[in-house]
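One structure is given below, encoded as structure tokens.
Residue numbering begins at 1 within each chain, and the chains themselves are lettered A, B, C and D in the order written.
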Amino acid sequence: MLDRKVKIKSVRDLGSNNYLLTLNAAEQARLIRPGQFFMLKCVEEVDENPLLRRPFTVFNICRHARSGRPAGLELLIKDVGTGTRKLVRMKPGQIIHCLGPQGNGFKVSAEMKNRVEMACLVAGGVGIAPLYMLAQDLMRQNIKPVLFYGGAGASDLVLREYFEKLGMDTNYTTMDGSFGERGLVTEPLARFLHKRAHRNIRVYACGPWGMMQAVHKLSERGKLQCDVSLEARMGCSLGACLGCVVRIKDPHGEDRYLRVCQEGPVFDSRLIDWETEPV
Amino acid sequence: MLDRKVKIKSVRDLGSNNYLLTLNAAEQARLIRPGQFFMLKCVEEVDENPLLRRPFTVFNICRHARSGRPAGLELLIKDVGTGTRKLVRMKPGQIIHCLGPQGNGFKVSAEMKNRVEMACLVAGGVGIAPLYMLAQDLMRQNIKPVLFYGGAGASDLVLREYFEKLGMDTNYTTMDGSFGERGLVTEPLARFLHKRAHRNIRVYACGPWGMMQAVHKLSERGKLQCDVSLEARMGCSLGACLGCVVRIKDPHGEDRYLRVCQEGPVFDSRLIDWETEPV
Amino acid sequence: MQLKYIMNRKKELLKAPRMAVEIAGVRFKNPVLTASGTFGYGLEFANLMDLNSIGGIVVKGLSMKPIKGNPPPRIYETASGMLNAIGWQNIGATEFVTAKLPGLRNYETKVIVNIVGFELNDYLEVARFLNDCPGIAALELNISCPNVEKGGFHFNKNPKDTYKVTAAAKKACRKLPLWVKLSPNVTDIREFARACEDAGADAVSVINTLVGMAVDVEKRQPRLRFLTGGLSGPAIKPIALRMVWEACQAVKIPVIGVGGIARTEDALEFLIAGARAVQVGTANFYRPDASQRIALGLQEYCRSHNIEDINELVGSLHAYE
Amino acid sequence: MQLKYIMNRKKELLKAPRMAVEIAGVRFKNPVLTASGTFGYGLEFANLMDLNSIGGIVVKGLSMKPIKGNPPPRIYETASGMLNAIGWQNIGATEFVTAKLPGLRNYETKVIVNIVGFELNDYLEVARFLNDCPGIAALELNISCPNVEKGGFHFNKNPKDTYKVTAAAKKACRKLPLWVKLSPNVTDIREFARACEDAGADAVSVINTLVGMAVDVEKRQPRLRFLTGGLSGPAIKPIALRMVWEACQAVKIPVIGVGGIARTEDALEFLIAGARAVQVGTANFYRPDASQRIALGLQEYCRSHNIEDINELVGSLHAYE
């Protein structure tokens, strides 16, 4: 974990309030594992509003053309409020404070390939962010990733070409039917899992709470392990403020709180108390 | 008085933390009298810090080359704190809220030339701001303006070339002796007034409180009318908050408060209670 | 063609949300007022916004005789807020009635007069005087100003005194509804709101400013000559909102929300928390048409959220189970 | 040449301002501490700043047994501030002493333990326990946390209760200096500071958070599941500073300033107003090395203002005549 002032390389408008932010943060890019995130100060000056940094997952590491060495971070940012708005309105060359990488990402290990045949990556909108590096990691372990990507309309399915270029199977859904199947992303996922009952499939999900809960239920029904990448309002990302917790229901019915910034953001979906949305 | 969103045309660095800000505010430029000021929101967004607008005198009106019609405002801005810093760091094309013209400026009338031979314009540092338009007005009435301009060093005597181009007599002082006479601006002024006792001279001063007080005393001694342009922290500039007052000592020794934004910023120096600095 | 136009217009009108609220029998065309001391006597803003667009104007605190106020510096800006120690400078009730009120009567906006006093009798005197002046919709008893050496603030230090001054003032202005403006500088605002209700107040305005201070570290001097001042602006909004919510739980009379309201969203928070109306204060200084924008914004919100009557919104907060 | 270098170096050292302050016999190398609940157990920040650069660390409020805390959402950002309703989540005193304190002892920075409790006995139990643990410089009695249903906050509602809990706690931790952390949600902080002093407290920390609230206007739900939360950050600085100044007028024991301190200038304001030391809170979140920067900044200020000893600055405010 490092706290650095980094330069904004570019801000690309992807439509539907989504932006791809590229940061010149080579030093930090070298440390990243899929699913980890960075805390960005959404303004140049440290005492300006918003005060608190905002968490964003790394979408991709960009690399030097020749050496292939990490050169910077690519972050997918959806403008949803004051902080994100200020961030995406910044100009190349401007400086922001960037702290990370933070959190426990997805654990993809070499021995996993013996147990896992296939991985379903389920994204709702900007929840796509952590899944690209995860897909690459899985492929390196010869685990076949299949993408399930849902949004309100076609324009919400940003950056899908990245996944297509990896040669992945993709399933798209939109609520308005403007692209892919009309309806919820859990529908094709349910059919997919139903057809492959008793196969060793691993599920990964990131998106709105309700969507992740639905994916969790499908996984439970199929007795599949499901990892979800959660969101919570964060004060510090250092484990100090205890502001970012999610409620955990342990097997004995006792509840307790884990910090999304430390014990997460990726959790086994069976741990989560799905009745208590943390945001 | 108008409240407009205006575009920044340019920000010119004059050295020593002074900047010349040009605003595309033709509509408002047409309304100005010398000594009036504008309230600028020092940030683009209205709910950002600093919250309150900041007052700045108009230094000059820039005009269309051909028609000679007012095209915008030139303001001399010294970076002394958060608000001014944000303002001078803005880029051409950015938008700010601009309210004005506000306040009572200098009253230069046609009948004045019968009573007044000559005018001493006394400036301390950025206090030069209201004096350029005043000098032009005086010259239009055939009253000869003489400039007394003091600063800490040569680089504080910004924009003096504007006055020289008008063909005015100028007297410069610096505390470090790097330009003009070494010492306080009141010294050459005192000599000047002493040599011309019993002449109909009018004095105008703008600068630090202590300097204006000294000029006031010199004027009183010479029984000359002296107008000072005061500073005060302003909440609204509309006469509503009562935050910007200066203490007035009336002839009966009773004190009361006048609003710098409404009854000022230009006051007859004899009115002022010089013991109570308003900032 | 014309008929169609009329029909459409009628539909539109039917669809237009009802924005009026009532406080103690007085109807305000919408729940947006301006806060005392931040909008002068109203007319100062006539060039910058449409005074008719808002529900009401609460004018600067008035005493019977003019008050000079505190020596400067009187204001200082802080993070998302400002301190002020104006000290009740005002032109006096007589001058207000002769020089300002006639101008205000040209607008269809309700005028509420905030009244100040050092002692009980000061309040009563001005209340009695204004009671008979046409064009005033209500009085707002300011017992919560922290910026005078021995001002009415002491009436807001314990609920018994609050009761006393409120009851007496209520008697003094029988014709006019009486609002009481409460201080946030207390341990429990509910006690004070209840004291007002018990004493016959028709509404409470919550909150006045929080006492604050700032220091010039170069001069090692207070930033305000009065040493302390009242903190206002967006910085205090969370505190004001909490107190409004508490007051709403404690009393049945209407609560008027004040403190850090600068945008439509802020006003909505207060209404949802239970405020019958809101007052826009410090925001008037940096955005002179803030109150008009908020009034329009509320209407827009109601329209887009299918709320037919703004009163549906009042107190509609549903807590977590 | 070398001699000259040594002489110069010596001069420099002689010139270096003395930054240490003393509170109840404990020497802090400089007056900058971190505030409870905003710096975890200290070690979380070890990678991001030099823990040795600051005077002390006040760790997260501890109870004897671990506490789970409140359900989320627990925090929300507001204008220049934030609301929190953590609800005393902590690992418990035993775990702290075995798992955290040994790591902290590797630093030359004083460790102060903030203690929480629902009832009198909770405080005494943990105070007694910590009293015997080496490596703790002082205890800070937190009777001012607004974020637990029936937390110690009630000890801060009237001075008598404050006296009672302080006197009892003082007895329970005879070996350690006792600081009491006061709530700003009161009518007169002086009464509470005096109660602490009378009860034998060695210092008071002023202030904890102000109770605030925020509403999601789309969901019409509170932003925090606990409904209300404690407001902290730059927004509250003017209030904190005023209360520190008031407390300093009221008591002779040292006052430790807390509330919205994010920059050197903020710390200076508190010291000049009379605080013997300051605590940096919310700023740690958005600038993890804020406390170190402030410690350095204070030294720089002293140097450039020819202040030989930082204690000269303490209480050096000169009011207007």
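Rule of thumb we're sticking to: a contact is a pair of C-beta atoms (placed from the backbone, for glycine too) under 8 Å apart; a residue touches a chain by one contact, two chains touch by 3 or more.
Just so you know, these numbers come straight off a predicted model, no measurement behind them.
Any chain touching chain A that also touches chain B would appear here, but none does. Chain geometry summary: the mean Cα position of chain A and that of chain D are 36 Å apart.
Centre-to-centre, using mean CA coordinates, chain B is 46 Å away from chain D. In chain C, 79-81, 225, 233-234 are the positions where the chain touches two or more neighbouring chains simultaneously. The multi-chain contact residues of chain A, meaning those touching 2 or more other chains, are 47, 49.
Judged by the touch criterion defined above, the protein chains form a single closed ring in which each chain touches exactly two others.
A list of each chain pair in contact follows: A-B, A-D, B-C, C-D. Those residues of chain B that touch chain C in the complex are listed here as 1, 3, 41, 46-47, 49-53, 97, 99, 232-236, 238-247, 255-257, 276-279.
The touching residues of chain D, counted against chain C in their complex, run 78-81, 83, 157-158, 185-188, 210-215, 217, 220-222, 225, 227-229, 231, 233-239, 241-242, 245, 260, 265, 268-269, 272-273, 301, 316-320.
Chain D makes touch with chain A in their complex at residues 37-40, 44-45, 47-48, 60, 68-69, 71-77, 79-82, 84, 86, 89, 225, 233-234, 262-263, 282, 284-289. Residues 48-49 of chain A touch chain B in their complex.
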